[in-house]
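Shared between the two complexes below is chain A, which pairs with chain B and chain C, respectively.
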Partner chain A sequence: MNIALKAQKRKRHDLQRLLTGTVMLLIFAGFALLFARKPSPQTALMALAVPCAAGAVTAILPRLFPMDRLLLNLINFLCALGVLMQYRYNPGRGVAQCFNYCAGLVAMIACALAVRHIKNWRLLTLPIMAGCCGMMALPFVFRAANRNLGATAWVAFGSFRMQPSEIVKIAFLLVMAHLLSRRKVVLALGFTGAMLGFLVLQRDLGTAAIYGGTAMVLLYAATSSVLLILGILGAGVGAVAVLYALFKNTYFLTVQNRISNWLDPFATYDQLGGGYQIVQGLIAMANGGWWGTGLGLGNASVIPEYQNDFIFATIMNEFGFIFACAVLLVYVLIVLRAADIALRSTSAFHALLAIGSAALLAVQTFIILGGITKFIPMTGVTVPFLSYGGTSLVSCMGIMGLIQGVASRNERILHEDQRLAEGEGGADA
Partner chain B sequence: MKQLRKAIRVCALILAVMMLLPMGYGAYSLIRYGTRWRTSEYNTYLTSMKSGVAAGSIYDRNGVLLAFTEVTAAEDGALSAKRVYAENANVRKAVAHAVGNTRGTVKNAVESFMAEYLYGANMGYLERLSQSRGGMLRGDDVTLTLDSGLSAYIASVFPADKTGAAVVMNYRTGELYALLSFPSFDPAASGAVTVSQALNRATRWLSAPGSTFKIVTLSAALQSIQGAEERTFTCTGGVSFGEHQRTVTDYGSAVHGSLTLKRAFTQSCNSTFAILASEMGDKALRRTAADFGIGDDFTFRDLVVENSAFANSDSPLLGADLAWTGAGQNELSLTPLHMCMIAAAVANDGVMMEPRLLLRAVGASGAERAAFEPLVYRTALSAADAATVREYMREVVKSGTGRSAAVEGLTVCAKTGTAEIDTQQKDNAWFVGFIDDEALPFALCVVVQNSGTGGSVAAPIAQKIFRYIGGK
Partner chain C sequence: MQSNTYQLLSLGARVLFLLLALLIVLHAGLNLLQQHIARKRLLKKLPDAGMVGEMRDMDSGKSYPLAREGVLGGSRGCDIRLKGLRRRQVNFVYVDGKGILLTPCHRRSNTLLDGEMLRRGAYALHGAILRVGGYTLRIRLFSGLNVPQPAQFQHSQPVYEDELYAPDVTLAGHGFYVNPPMGQQPEDWYPWEEDGQSEPAPAFSYAPAEETDLPPQAAWPPADAPYAPGWEETQAFPAEVPPEIPRATPETEAPQPFAESAAAPEDAPIVPPQRHRRADRRRER
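And now, the complex of A and B:
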């Protein structure tokens, strides 16, 4: 490798170190503030441990195998912010979220290694597809775990609870990328249809929208056909119309309810399942204003699910709208970086895998942020990396692992090419 | 691969833009509705924000104290804050709906809607620190555009047993000088306040404005019917419309005979305005009404006003429905404040000013947090048409239904209205008018519910108010 290239790489690494340092400082300052308000040994420990862990992960992981440091820094920032916000309202949850992060890290490494090393996805695709369908059918078996919930999306083993649709996201991306890279559009459409069918039956419309949106992006990327997308959209609208006609008074009552909550949440404030949550979210946002009430001074915990779906309202409340915009830009940066990785990859499968993963995270972020700011009707999905919960974090980190795997593979191929080029150069000399 | 890369670039762009949309919308709503959400009755944060802060004082435009916080120290040194309202009971009751109280009896009154200032939400960190040494934090002092003397006078001339509202505003600047609702209550008294007393009829009570709406119909006719001013109309006491031959009748079945547009306006002839409305059609009348702000989502900075409506739906009105709308009845619903804004727009050469309540807010350390500036809300009609309507309204006071509002030495212009409400025994008396004088740029609206005609009940009250303003 020539010297100029090496210097350039070192400079980039210095920038990454600066970024890591900034993230560590920010999170340390957050915990220090919480400590100053209410000193406790646990908070002091968190103030040291969380930034150090973030720093250690960015320092050590890329040495094990090449991966994208920028993405690692960005998701570390989001996860650490998530831990901070959880800890601020409920220390127990903050600590638990740290363990969730560790589980997520394992998922990320596993996914990255799988993408880096597995060459023959062709043999795996069919079993994975079957596994997806099996997983998605599971919540219907565990009736007890889903009692009193809006959706039938949960599976429980004792005290351990999970949403299969979260984990299936990773497999879904792999299958779709593989099928579409081999131009099996019809099969891909059929698989998407099956997944959407399961999700609609589970009454988990937000997740259905995530799967549908991601599939749409992948289909466009693979075929470059606007007509196909318009056709699918048309078919989708038709399907919804037929379903509406069939289940007008049963299934769609919930949907209508959500739409009226969206149009005027203040009007349905007092009703059961009404606009209470959205109104309190908006009020939390307004209380925060541009600059926030300050960490530890807000009261976003009046919002139901403030730690999950409404974690962004919690951030807007205490950190302010401007900071929340900056957090959103971090998400945008992740998506753009993933697209960049997709562009650098040498195979259609890996390119589609990276852009598909980016699309899934983007659509999920859009759906929940749109719901919170009343831009679109509210459908309860988690905020990637920020929301409390193991399954969600493992799934998002796993998806990040897919992107990292593609980045890692790009790097390896680049190295091999360089070695070849240098080898040839050596032979010439 | 080349095609794939191109498609990936397109996808990345679309995804990035899509993700930015919710926050863009969030910023828009925060600017537009932020204050409303923050001061909403559902906001539990306000309560915690208020504790530990002594709310700032509220003054009227002449420096009369309308509300202040009395901080007392108990024997153990604990501080407690008590809100005290204006000394004069008449003033207290006259400004009760505009100012409100800390219990939030009146929705969106100054006490709750301007909590941001009163409880010092914009206080800087250093200011907070330096202040907290003295015990309790102090919020900002707020000076309102209201004139408490004028308000108390209006309360004294309004019929004691009637419900209604009265609004006085400066039509050049939009400053509200009086914003009254009847019946009122005493914020200093501990007794229960009835729902009727708590309702601010000036801003939250929507009703048909009767013939005062003919200002809008006239403006629409000037815009869309050529030569309307030169025409003669024949009034036989009523006109029938549509298949079912429903009739628009004149008040008290009066027969005005042959008359010009100007005379029809000054005599408030329903038949003529019904003909005009059906001639110009739903579209033209609706458009002019929209120009006057009917159907707008009002998000004024200083106060919450219920949105007015032209009709219950967007489908075009036909026949008698349209004709009655032209005469100010049917499904029209406006607030007295909005009707005052409409008269004010005519007085102000067609430019409607945003109604304002806040003159200035000053922090305890002397830092200015907000200062009044006139804001144009919208252009309602052309200056030329405004001049014509003004001339017609002048004639109403000289020789028409508003004669009892005339004050010697003042150029009073006005329009009366008598709104017929099916469920009431008597009609709602409406009066909107203004003084056409650069030195006294005031517009007002008086409504007395369930009382009689605008000319006989509301106009004499307006006359007294005009006299008070003109110092006569």
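And now, the complex of A and C:
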């Protein structure tokens, strides 16, 4: 490698170190402010531990495992911001989110290594598909014990609770990428239909929308056929119309409520299951204004599920609109980076995997942020990396692990090409 | 801390948070852009990056770069597009240590790999010939790839340049003689008998040739013998040429394989495969 290339690489590394440092400083400042508000050893420990952990993960992990530093930095920023916001409202929840982050890191490393090293996914596809169906059927077994806010998407084993549809997202991406890279469109459609069927039966329409949106993007990326996409969309709309006619007064009452809450949340403000949540979210965001109310000075905790679905509203309340736009831009940068990685990939499977992961993240972010800003009807999904919840964080980190795996594979192939071009021989050289 | 002081501190910290968040976005955006540009520059320097070789049309001489994975077919979305083929004819994937895995996209793809019908997946090595829809394509891989040597190129012992053109000789008797033609025993055909001598062949010995009265040997290799550049060019075109698949015409949308096959021109140039280094090609450019 010549000197110019080395200098460029060093410059990029310097910029990344600066990025890591900025993330660490922001999180440290946040926790320091919380410490100033209510001094406690736990807060002091968090003020030191969380930024150091974010820095250490970015510095050490790429040396041990092949990782994309930029993605890692951006993910760390979002996760640390999530921990900060959880800790600000409920310290116990903040500490628990730290442990969730550690579990997410393990999931990310496992997914990255799997994508990098497993060459033949053909043998694994069928077992994974069967596993997906089994996992999605679990909430029906525990339906009575786990009814949660209208959706029966949760499973509890003692004190341990999880949402199978979050974990299945990773498997769904792998299966769809594999099937579509082999041009098995009908099978891919069937698998998507099965997953959507499970989710509709669980009344988890938000997650169903994420699955459906991701499948559309993957289908278009694999086939480049607008007609196919339009046909599937038409069939989907027709199926929903038929189902609506059949279950208008039973199943679709929830959907009707959500749509009426979206159209005029103030009309149903004081009704049970009405527009109270949306209205409170809008008030919190408006209260924040351009610059925010200040960390620790907001009152967004009046919003139901402020730690999950409405975490973005709390951020907007305390940090302001411009800061929230910056957070939104971080999501955009993550998606752009993932798309860049997908475009650089040399195999259809890996390209589809990366683009599917990016699409899933983008669709999920759009659905929840569109919901809380009253742009689209509200559906209960988590904000990636920010919301409280182990399953959600592990799932998002696992999806990032898939992208990291594709990125590391691209780098390996590029290095091999470089070596071959320099005449040093191939893999056996 | 007092409530008022904390309020002041928190309101002031908003600016810091905002600046840091904007810095994060700016740094990340710049980094993304820089890496994108750096990669573009690198790929300009490595025009063959992501490729493992090429497919050369034996008739027209056109070369198609061979990616690590792709599809050969007639549609626009194919990585190697040849007119007259089905939309998707053959999938190809480079498998490290094994070669190019060719898989037909249809049950009746009518594709021949080295003269054998490609029914399921088969590995093509360097120099393999793929006949598809009237095209004859020679697969050429870049050197340095971790791919096994084709069977016809494998030698148990090294072959030297002079051996390639040297006559098949055996030491016997008074010196050495040319091996007899097929079907004849050595004692039936001796060079000295052609010269009218009837002396029987003596027992085996390593007597030097100049002590015998053998006719003078012709100079070898002959002056007009072509230069032997290496073992690669000894690979001839397959002796048994499989039936031709006629090239599709505008009248016939789908190719009609094996129907009224047109014979390949006898004097069509046969380009031997060459394993070449990318560095050499770049130098040539």
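Definition applied: the second predicted complex is superposed on the first by the 420 of 429 C-alpha atoms of A that agree within 3 Å, B and C clash if a C-alpha of one lies under 4 Å from a C-alpha of the other, contacts with A are read in each partner's own complex, and residues count from 1 in each chain.
Keep this in mind: a residue touches a chain if its C-beta (ideal position, glycine included) is under 8 Å from a C-beta of that chain, and two chains touch if they have at least 3 such contacts.
Because the structure is a prediction, the values reported are computed rather than measured.
A.B. asks: Chain A superposed: clash or fit between chain B and chain C?
C.D. replies: Chain B and chain C fit side by side in the superposed model.
A.B. asks: Classify the contacts of A:224 with the two partner chains as first (chain B alone), second (chain C alone), both, or neither.
C.D. replies: Touch partners of A:224: chain B and chain C.
A.B. asks: Who does A:420 touch here: chain B (first), chain C (second), both, or neither?
C.D. replies: second
A.B. asks: Check the residue A:358 against both partner chains and state whether it touches chain B (first), chain C (second), both, or neither.
C.D. replies: After superposition on chain A, A:358 lies in contact with chain B alone.
A.B. asks: First (chain B), second (chain C), both or neither: which does A:319 touch?
C.D. replies: In the superposed model, A:319 contacts chain C only, not chain B.
A.B. asks: When the two structures are overlaid on chain A, which partner does A:240 contact: first (chain B), second (chain C), both, or neither?
C.D. replies: Touch status of A:240: no partner.
A.B. asks: Quick one: classify A:348 as touching chain B (first), chain C (second), both or neither.
C.D. replies: After superposing on A, A:348 lies in contact with both chain B and chain C.
A.B. asks: Looking at the overlay, does A:336 come into contact with chain B only (first), chain C only (second), both, or neither?
C.D. replies: Both partners, chain B and chain C.
A.B. asks: May I ask you to decide whether A:269 touches chain B, chain C, both, or neither, giving the answer as first, second, both or neither?
C.D. replies: A:269 contacts chain B only, not chain C.
A.B. asks: Which partner chains sit in contact with A:375 here, chain B, chain C, both or neither? Use first/second/both/neither.
C.D. replies: first
A.B. asks: Put down the vertex angle at chain A formed with chain B and chain C, C-alpha centres only, nearest 10°.
C.D. replies: So the angle at the centre of chain A is 130 degrees.
A.B. asks: Would you give the minimum C-alpha distance from chain B to chain C, in Å, for the three-chain superposition?
C.D. replies: 5
A.B. asks: Same chain A residues contacting chain B and chain C, which ones?
C.D. replies: On chain A, the overlap between the chain B and chain C contacts is residues 224, 336, 346, 348.
A.B. asks: Per the contact definition, I'd like the list of chain A residues that touch chain B in the complex.
C.D. replies: 217, 220-224, 266, 269, 279-280, 282-287, 289-290, 293, 298-299, 302, 316, 321, 324-325, 328, 331-332, 335-336, 339, 342-343, 346, 348, 351-352, 355, 358-359, 362-363, 365-366, 369-370, 372-376
A.B. asks: Using the touch definition from the top, list the residues of chain B that touch chain A in their complex.
C.D. replies: Interface residues on the chain B side: 1, 3-12, 14-16, 18-23, 25-27, 29-30, 33-35, 37-38, 40, 42-45, 48.
A.B. asks: For chain C, which residues count as touching chain A in their complex?
C.D. replies: 1, 6-7, 9-11, 13-18, 20-25, 27-32, 34-36, 38-39, 42, 45-46, 48-50, 67-69, 77, 88, 93, 96-97, 105, 142-146, 277-279, 282
A.B. asks: Inside the complex, what are the residues of chain A that reach chain C?
C.D. replies: By the definition above, chain A touches chain C via 5, 8, 11-12, 15-16, 18-19, 22-23, 25-26, 29-30, 33, 36-37, 39, 70, 73-74, 77, 183, 224, 291-292, 294-297, 319-320, 322-323, 326-327, 329-330, 333, 336-337, 340, 344, 346-348, 413-414, 417-429.
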